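Working notes, structure below.
As written, the chains take the letters A, B, C and D, and residue 1 is the first residue of each chain.
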Amino acid sequence: MEAEEVGARLRERFPDVVVEPFPGTAGRIRFPAARLIELLTEVRDGLGFDHLGQVGAIDWVEERELFYTVWSDRAKQYLFLSTRIPAGEPHLESLTPVFPSANWHEREACELVGITFDHHPDLRPLLTPTGYQFHPLLRSFRLHEPEELEVKVRDV
Amino acid sequence: MWINMGPQHPMTHGLWNLRVKIDGELVLDVDPEMGYLHRGIEKISEDRHYNEIITLMDRTCYVAGMAWEHLFIQAAEHALHIQVPERAQWIRTMSEEFQRVASHLMWYAAFVQDIGLMSPFLYGMRDRDLVLDLFQSYTGGRLTYEYMRVGGVRNDLPPGFTDQARKVCDWLSDRFVEYDRLCLGSDIFHRRCDNLGVLKASECIRYGITGPMLRSAGVARDLRKDRPYAAYGQVDFEVAVADGADVTGRYLVRMEELRQSLRILRQTLDWLDRNAGPVMAENVPRWMGAPYAPVGREGYLLKREYPKGVGFSAIEEPHGEALAYVVNEGGEHPYRVKLKSPVFVNIAAARQYLVGYRVADIPPIMGSVDVCVGEVDR
Amino acid sequence: MAPLSLYGVSNSLVSTLLLHLAAVLPAPLSTLLSNGDLILLLSVLVFCGTLLGASLLNTILLIWFERKMLGRFMDRRGAMHVGYAGLLQNFADGLKLFRKHTFRPQDADPLGFFSAPTAYMVASIVMFGILPVSTGWSAGTLPLSLLLALVVFSFAPLFIFLGAWSSANKYSLIGGMRSAAQMIAYEVPILLAVVAVVLLSGSFDLTTIVNEQRNYWFWGPLFLALIVFVAGMLAEMERIPFDLPEAEAELVEGWNTEFGGMLFAFFMLADYARALVGSYLIVLLFLGGWTLPSWVPAPLTNFPLAGIFWFQVKTYLVFGVFIWIRASLPRVRTDQLLRVGWMRMIPLSLLSIVLAALVVLAKCLPVFGCLPSMGS
Amino acid sequence: MSESTTAESNSSVLWVAKPLITAARQFGKSLLRPSTIVYPFERLEDPKFRGAVRIAPGKPIGVGQVWDNYRGVHALNIETCISCNLCAFSCPDLCIDMVTVPGGDPKHPKKCPQIDYGKCSYCGFCSDACPEGCLSMTTRYELSVSKRSDMIYSPQRLEEVFKAKLPMSPIRVERPKNEDAILLDPPLCIGCNACARDCPTKCITMVDLPKPVAKAGEKLPKRIWKEPVVNDSDCVRCGTCISVCPKECLFWGTHR
């Protein structure tokens, strides 16, 4: 499956998404964050990309990017989807109703990049200790300052 | 009653905590707690030069270091637009397969320990040591190899390596028969492991599970076959599949994968014998030419326009499908490295395959998942 | 030649010593020393001390034997640096455990926590006084020594459960529960299997049972009972494949998770004492005790202490089989274990009783003319 | 010896017999000589012992000649060290410090690497980077010490390892062919000689420039009329010249 084909099949229902080629995969879809559930459902049921590989988040300082990798067993290909949300109060609909496996990926993105997922069943921190108030993968988080970190961890 | 199986518990094979709610011996609910081994590898990678990240990748999964090196290096090369010479590709293929053998032997050792078999644990560890010896002979390390470089591999194979490697393959294929006799040949093993930890194919896909767990449910999915990378397109092998979706199925899949790995290894060794060539790409930018580049400190590197790019790679790691996503914003460090570990997903679905079984079943089931906490927590 | 007996030796030793002392010492002391009651008391003490010391040494030797055997099964060497071939390794380990701080978890009940290891130890060691290892080498000839042995042997789960309960740990509790369930489940088939032996030998006295086996050992006619007994003993001794109470994969260390230092050493030593006693029982009941078949040439059976020697050889062979099983079989699950215990072992042992009865019957029937000549 | 399963069927007796027989066979094999070695007394890296290692039962098991490339404790030859700093630059864990060693010019003391093994990850980047081959990794791997400060190996201690004549990794990583060279931005240069003075390989020579004649109204730059020329084949690309240059007129670049 090529990027053009993916684009052609999505264009009708989703005129606001952009499909661009991405070497080694079936393409990369940029979509507005509001259409997440709709688009992913269509990608899963309509295009057959039924296996969620990963959910990752990138901090671009002014905005945050979320990217989703899905795999289709029929096409034997990965498909990339990414969306950007403003960094002010970053929040997004949770993908768990569509892909239950997004659960831990979103927990990780929440604690590391500081994105809140609405309607997520269980948004506890996964990797960082309870009460840890930082989002380590933000660009503003500096390494090599261990003294500072120790003070700021709240007692639980 | 909630009990904490972990963070220090013989079942965990690492450092994590499985909270289990039990009624007598029955498991009512589970809640895995991760993060005890979180070292912030993704964050440290943002501060490191591409080749320096390799030292981190070895430690991401301490039983499959070579596979993770391969994963990251592929993504980095994708992001930096570097072509790798063919011989390096074959050496990488060979290294990854040896790593798969070592990892699966480690899994075998840990798994039989989980069901209470004592001596095969040492057989597995003994035979894994042979593979580690091979790694040592060409990389210099036994567990942390630091062997792959952006654009190729550090050095070519030493003379006489392929003969030794073939001997190891022969020895191992004899041992696999013994392993099967000790496990499959035992009635108690079947009583313990048949119909245990069942996770059907549809559930596996719903929960994003990959690797031997998915293949044991009858889905013949293997990135080496479906999306060939390195030299996997040119070797002949079969995807190991079982249909039990249970612990025995996962055992069968892994043992079959071991045999198929030996098959791939023999082919790669033959190829490496026949073909010589460079193992490092010529067009690697100077600041990538690792050891000589005094980069990463202020005042040394003239800032200039590096090619920007996004790199993505997916490999069939011993535990399943691992993905890496590298964003190269033109500096000497990657802007963001995102690693997806298959075990991360497999543990996340723990509730689906643990609830309803007994306390005594937890170690075999988690053993068959093959947990490597290093790559879950990163 | 009158067989040597441990009590006889210690008695003559003590009386000789005291009489010699009495001859040297002045009057009031010498009359005190030549008192018959004192000689009796001292010789009993010497006898007990020797028996206890020898048994514990034997237990420690057994641990060494298991370590070495298991090592070879696993393609390694086992302990090898302390003493010749690691013979003294266990003493070194014991010393290390002895030096360790004895601690108690905060919530543990002190009475149960500290008394359980001691009681378990005592219950296991008393067995050595009951079981005869050769003619004249037991504490006494009790007419019901087999029953007494089994009663004492089955005390242990109580103390295990006591220790598990009082250490206030969830793993200990699960392990203790499992231990209790398992030992109760396997007590019944063991007793039924013993009934078959008793039927065949016509006695509850272990010495008599062994003497009955002079001509043929009981494992032939009572093969089923032997299997039931060995399986039961595996469960009682908590060894793989039946070591569920301390299944380290899921229960860390089972019922002795919280015990450290000397308390753990007590449990460990008592465990192996029980293993030794279990092997003793198998040898006594099924493998002819210290007797050897009549075709064995006389020089092999006539040397001093031959009875003890062959008894120990048999014991170590039996224990070797246990080690072999441990090295090659996985652990079963609790429910499977209990199901096997209640639903398979009990019918099997009942069947073996029937078989034993048939054998006894056959001995009385003239049709099987060969059997009466074989029996005593 | 198939206690729990005898009741099931005859075939399951044999089923349990299989692992028992396999284990017994292994027992027989290892009865004479287990595959393990007696570690402190027999050592795999010991040249005398290497030949005894085989891939066969009844022998110390192992691949044999694998120790040549081992990455253990470093050996440092202070004699040949040129103090180029490349090991410290290439270290991803920042565990190498350049410390002064006795000997050498008092004005420009000789500096050699000091390695903190508490941080070292044995990646081998430093020995790969060493242009003179004086920092190399050996087969020594026993590092236990009772004090944390003992983990720091001074150059002298590293030289003791060198003098122990342990087998050293023979692998020399080839330098990339299109390596950048040191280039000069001539208008910025003041001819101060700092680069030539500090160059560890002495591959920079200062050549005289013809002093231009000042035209009317033009002021000549205030400088020494010399210019560095880098001998490219001797240069190890350590970047010392760039770091000492007061005017930042040297930089990495590709020859046209």
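The criterion applied here is as follows: a residue touches a chain if its C-beta (ideal position, glycine included) is under 8 Å from a C-beta of that chain, and two chains touch if they have at least 3 such contacts.
Only a predicted model underlies this, so the values are computations on that prediction, with no experimental measurement involved.
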From chain B, the most remote chain by mean C-alpha position: C
Pair with more cross-chain C-beta pairs in contact, given C-D and B-C: B-C
Between chain D and chain C, distance of the C-alpha-averaged centres to the nearest whole Å: 60
Interchain centroid distance [CA atoms averaged], chain B/chain C, Å: 48
Distance between chain centroids, defined by C-alpha means - chain A, chain C (Å): 64
Distance between chain centroids, defined by C-alpha means - chain A, chain D (Å): 40
In chain A, residues with contacts to at least two other chains: none
Contacts with 2+ other chains: residues of chain B: 119, 123, 126, 182-183, 186, 188
Multi-chain contact residues (two or more partners), chain D: 4, 16, 19, 22-23, 26, 35
Category of the chain touch graph - line, ring, star, complete, other: other
Full enumeration of touching chain pairs: A-B, B-C, B-D, C-D
Residues of chain B touching chain D in the complex: 48-49, 51-52, 54-55, 59, 119, 123, 126, 129-130, 133-134, 136-141, 144, 146, 154-155, 158, 160, 164, 167-168, 171, 178, 181-183, 185-188, 280, 282-284, 286-287, 289-297, 299-302
Contact footprint of chain B on chain C as seen in their complex: 70, 73-76, 170-171, 174, 240-241, 243-244, 247-252, 326-336
Residue numbers on chain D that touch chain C, as the complex places them: 1, 3-4, 6-7, 16, 19-20, 22-24, 26-27, 29-31, 34-36, 38
Residue ranges of chain B in contact with chain C within the complex: 1, 3, 5, 9-11, 25, 112-119, 121-123, 126, 182-183, 186, 188-189, 191-192, 358-364
Residue ranges of chain C in contact with chain D within the complex: 69, 71-77, 80, 227-228, 230-231, 234, 241, 321, 324-325, 327-329, 332, 336-337, 340, 344-345, 347-348
